[in-house]
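Presented sequentially are two complexes of chain A, the first with chain B as partner and the second with chain C.
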Partner chain A sequence: MAKWGMVIDLEKCTGCQACSTACQMENNRLPGENYQDVLYYTEGKQPTPTLKWFPRPCMHCEEPSCMHVCPTKATYKTEDGVVLIDWDKCIGCKYCMIACPYGVRFYTDEKALIEPNIKQVFKGDGDLSWNPPYKGPQQDPKHGVGIQPNGVVSKCNFCYHKISKAPKGVADLDESNPELVEYVPACVRTCAPKARYFGDLDNPNSQVSRLISDKQGTRLLDHTGNKPQVYYLTGGGAAGSAVPGTRSNKKA
Partner chain B sequence: MNQDLRSLATDAPPHGERQAFRRLHALGRIGLRSVACLAARGARADCRCCIEACPRASLALHDGGLELDPVACSSCGICAASCPTGALAVEGFTLPAVVPPQGITVACERVHGAAPGAAHRVPCLGGLALTDWLRLALTAGDAPLRIVDDGSCTHCANATGAGEPAIPLLDAARRALTEAGVPAESLPQRVKPAPLPNGNEGRNASADEVVASRRGFFAGLSRSVASALTQTTTGDAQFAAPARIQRPRRDTIPGQRGEETRLLLLQIAQRHGRPHPVRATLPALAANSACRAHGACTGVCPTGALQLESDADNASAHLRFDAWLCVACGACSGICPSRALTLEPRAWRPFAVAPVELAVIGQCECRRCGALFAAGEDESLCERCRKTEALARAGFALFHRHRETPAAPEGP
Partner chain C sequence: MATQAQGSGPVSAVLMAGLAGLVISLAIAFMNLLSGGHSAFNTGSDGVSWGLPVVNYVFFALTSTGLTLVSSLAMTFGNKGWYPIAKRCVWLSLVTLVAGFASLALELGHPFRMLWAIPLNAQLVSPLNWMGIFYAVFLVLGILKFMRIHNGDWNSSTSKQIGVAALVTELLAGGMLGMAFGAMAMRPMWYGNLVPLYFILTAACTGAAFAMLVTYLSYGSEEAMPGQVRSLMQGALPTAFAGLLGITILVIGYRTVIGLWSNADGLQVWDTIVASPWFWIEAALLIGAFWLLLQRRALALASVMVIGGFFIDRYEFVIGGQLLPLFKGSWVPDLIAYTPSTTEWMLTLMAFSIVLVGWALGERMFNLGAVPRD
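So, the complex of A and B:
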């Protein structure tokens, strides 16, 4: 069984937010409620400040703190390494949102960002939070895929409706491969500078594994022990590089 | 809450299909309202009340659902009486609606001998819940409420270490009634059964234990085919096996036993000229100053006893607790992220007239995202935005080998 992971090359990332928009469209989210965003910050002072940024998807941790605190076991980790929410079990207590160190879980009871409230304009049927005019065909509450019902927490699911259909034993889901392009997560597929890679971290020959070992992939907030499955490449190695021992540089 | 299963199954359930009582086993006389079962909901509530109360160990939890051994079960109803949320019902426990002038007489099915007047027979006196006793007392009004006792209850197989199965709840009911102003002579009284016409005083109930009930007898006969029968009868729409809960979240358990108890006690007290009883058996919950209005407790509370509400101008959040709705499951104190809640078990406490306010937490709008949050000292960002900021700083330091503190990140 694969262990899906993502590599984001910050040297290539242009901060264009196409990934956020693709995520929003794929998962029937409103602007500002997308499962992933890009954090910006300025480096240096006037008159020569530089803008820096990095995208923030769910890290799909190997030891997800959100999963361990869930009182109803609604959050779970699949065999292929994806952290998902069972919307049928979630009671919306939001403890997972407090426990997540990356802030990538969402509850949509906040006041609307834009007036009029789009969710009131397109009212959802029954339990669903809204009824988007354009929506994907998938609605899979057991895997937290589709339109979010009222009163539950939602999060990035690595586009589980796509990657779960990928052929078994595939090392990488590469958007440039026409046979696999339909199984690639929306953010990876849409990334114009091709800064994102998606593949099997357990396969030492996959492109993601090689990138992590060759370019010293780092993980955010590694001291929390969550062991994210999303790695960042910074070029020339990063301060406190966090390559796990199992994925050592084979060239060395 | 003990009611006739047949009437419950044929009447349209008031809150939809999941509210209906469904037979736990095709051969048993016990029905489960799975939406109200704390163990089936699984939300940090390790409720084992019915399993521990069952004198014959006929109930067990299996894969998150309650299972009944119909051969061991005597349909005594003690499980239903012990259930804090009223999730169980047993056939044969209909309460009298009309009061004859000589009062109500309740008797166990197995007690021999004629009772004074026409006795109302139930499968076991231990199966009458506190609300049932209060309801009986309210129905009886000034007429006497009598319990037929021929002394055989102590030897009955339904009696556990505590002696007669009816004792704990009957004592609780007596105490609550006294508190509500019912004079001692109007409390439920024990009476000896009148001798049978042939002069027989009646036999010991344990002697005819083997043929305890007709249904149990046939259930024992069909022991070997019981499982096969269950499979074929689950297709029956009326008494299907309990359906798996589709959405245990958010919706709280309706039809609260605590709320029923409160209303009954208020009615009885008002009949005796008191506004309300002085004391009642209630759990207590306390919150200390660590509470930050996360709302995890209100989310996990199965009965809606905890509510978190903002006042009109959003200046503060109020955590309110209704002791009557609380089933003392401990889910709230177990989940509280700031360990602010302390639950004390049921005890004799002042009668809770209205929900109490456990904590008032000042809140303000987040400078960045505009969400309301419980503001600590010198905090202008909500917990989520602070987390984002810390993450941006950590990412900055990690990715760009720059130890200088960056300017505040711009929001997503």
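So, the complex of A and C:
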């Protein structure tokens, strides 16, 4: 069984947000609530401000604190290493949102992050939070895939509706391989500078394993012990060095 | 069971005030929740996830723990001088827990799903799971204990065993609620292995405050109290309460200074807390109440001051721990701004109203001033 993971090369990432847009379309996300986002940070003041950015999906941790705190086991980890949410078990207590060090979870039954509230324009059927005009055909609440229902928490699922159908034993899901392109997560497939790689972390011959080894892949907030399965190639330095500390933020 | 003189306090007035509060709060809250769902709250994925309804829950659930501690002084530890308020405390521990649960239920996305999802899929390493189990078990034990003492069975071995089990369950529940926050290493303001102890200590303070307030309300004045009650209200209760509150004020002070002193990323939340007038109102209320308790004057007022002070403390704790933005980028460049919505405040009014109505009904129906004959 594969242990799926992602590598993001920060030296290639241009911060174009194509990954976020692809994620939004693929996963029926509301504006401003993409599972995958590129965060921007401005440091310094005029005339020499610096714009930095940092792409951040769910880390699909090896030891996910979100899963450990969930009182109903709605958040769980699959055998192939993906952290998912069973929307049929989620009670909407939001403890997972509290416990996630990376801030990648969304509770949709709240004020719209971006006005006007598009949920009022495309009203959801039944328990669904909205009815997006571009929705994909899949609705799989047991794996947290599809349009998010009201009253539950959602997050990036590594496009589980795609990767779970990939042929067994493949080392990498590479968008440049025509036989595998349909199984590649949307953010990886759309990345124009090819800054994202997706593959089996347990396979020493996979491209993701080689990149992590050769280019000293690092993990975000490794000290939390969550052990992300998303690695960053930084060209030296720690992952998330673009992210200023909140104290320095305050002083900026 | 001996029946003491029925209280001559403003029970009817409290009942009417509570009912009015309940009708107003439920009308406004349900109107907003049914029309807009949880968008009627000012919580959000890019901000504070647990808002004022969770503050209400923490406040009242811990008050329930505190009231059980106060009642246990007589019923578990054998201090007979505390019997005159024991039955009242047991009843109120149930009422306050219901008030907390009610606020939490209206905050959850699927409160009814919780009833089957937690028992069938219990996550054994989740503090929230155990907290729910312990408080649910206490609710059953507390009802059983109250029924026992209401029927005059204060001291049978079964009654005592139920009382001990209820006390242990409440302590475990309050501690587990503390662990739900204290285990969050990613939230520096909450993180710490002494948070369960802090919760139990402060729970005892709010429990004592409610015990004192409703005892005063039951009789209206110290002159109207039976001798045993007056003796307790003029002696052991304010003395023990003052000692407890004094220690707690010191602990709060040290927590604050440590938060201000540390340079750790995330603890700058304390700068914001101390810069808020609410912090100083809390300090004035708690220190003022401490002084009144030492003087044994205006005890009802002191109780109200302690209740107000600790409600602010719970708010600062629950909300303060979430003000640090986790990877929100330039959308949230500084600490998160949060002000509760009208609907959220209505749930606070609802919870307090439930306590007022519950206490007044108990006073009317169950002779809460009863003490054992021997």
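Simple rule for what comes next: the second predicted complex is superposed on the first by the 222 of 252 C-alpha atoms of A that agree within 3 Å, B and C clash if a C-alpha of one lies under 4 Å from a C-alpha of the other, contacts with A are read in each partner's own complex, and residues count from 1 in each chain.
By our rule, contacts are C-beta pairs under 8 Å (C-beta built on N, C-alpha and C of every residue); 3 or more make two chains touch, one makes a residue touch a chain.
Quick caveat, the model's predicted, so the values are computed rather than measured.
Enquirer: Assess the superposed three-chain arrangement around chain A: do chain B and chain C clash, or do they fit?
Expert: They clash.
Enquirer: Contacts for A:Phe54 in the overlay, against chain B (first) and chain C (second): which applies, first, second, both or neither?
Expert: both
Enquirer: So in the superposed three-chain picture, is A:Asn177 touching just chain B, just chain C, both, or none of them (first/second/both/neither)?
Expert: Neither: A:Asn177 stays clear of chain B and chain C.
Enquirer: Once chain A of both complexes is superposed, is A:Asn205 in touch with chain B (first), chain C (second), both, or neither?
Expert: A:Asn205 contacts neither chain B nor chain C.
Enquirer: For A:Lys94, decide between first (touching chain B), second (touching chain C), both and neither.
Expert: Touch partners of A:Lys94: chain B and chain C.
Enquirer: Thinking of the overlay built on chain A, is A:Leu10 touched by chain B (first), by chain C (second), by both, or by neither?
Expert: first
Enquirer: I'd like to know which partner A:Thr234 touches here: chain B for first, chain C for second, both or neither.
Expert: In the superposed model, A:Thr234 contacts chain B only, not chain C.
Enquirer: What is the contact status of A:Thr42 with respect to chain B (first) and chain C (second): first, second, both, or neither?
Expert: Touch status of A:Thr42: both partners.
Enquirer: Counting only touches as set out at the top, which of chain B and chain C does A:His68 meet: first, second, both, neither?
Expert: Touch status of A:His68: second partner only.
Enquirer: Pick the chain B stretch that clashes with chain C in the superposition, from 79-87, 205-213, 259-267 or 313-321.
Expert: The overlap with chain C comes from chain B residues 313-321.
Enquirer: Can you list the residues of chain A that meet both chain B and chain C?
Expert: Shared contact residues on chain A (touching chain B in one complex, chain C in the other): 32, 37, 39-42, 54, 56, 71-74, 89-95, 97-99, 101-103, 110-111, 150-152, 221.
Enquirer: Write out the stretch or stretches of chain A touching chain B in their complex.
Expert: Listed in rising order, the residues of chain A that touch chain B are 10, 20, 32, 37-43, 52, 54, 56, 71-74, 88-95, 97-99, 101-103, 110-111, 127, 150-152, 218, 220-221, 232, 234, 238-240.
Enquirer: Can you tell me which positions in chain C touch chain A when the two form their complex?
Expert: Touch list, chain C to chain A: 37-39, 41-46, 49-50, 108-111, 113-114, 117-118, 121-123, 125-129, 132, 180, 184-187, 263, 265-266, 268, 322, 324-330, 333-335.
Enquirer: Residue numbers of chain A touching chain C in their complex, please.
Expert: Chain A reaches chain C through residues 32-33, 37, 39-42, 54, 56, 65, 68-74, 89-95, 97-113, 150-153, 221, 224-225, 243, 245-247, 249-250, 252.
Enquirer: Would you tell me which residues of chain B are touching chain A in their complex?
Expert: 41-44, 246-250, 294-300, 331, 334-335, 337, 369-371, 383-384, 387-388, 391-402, 404, 406-410, 412
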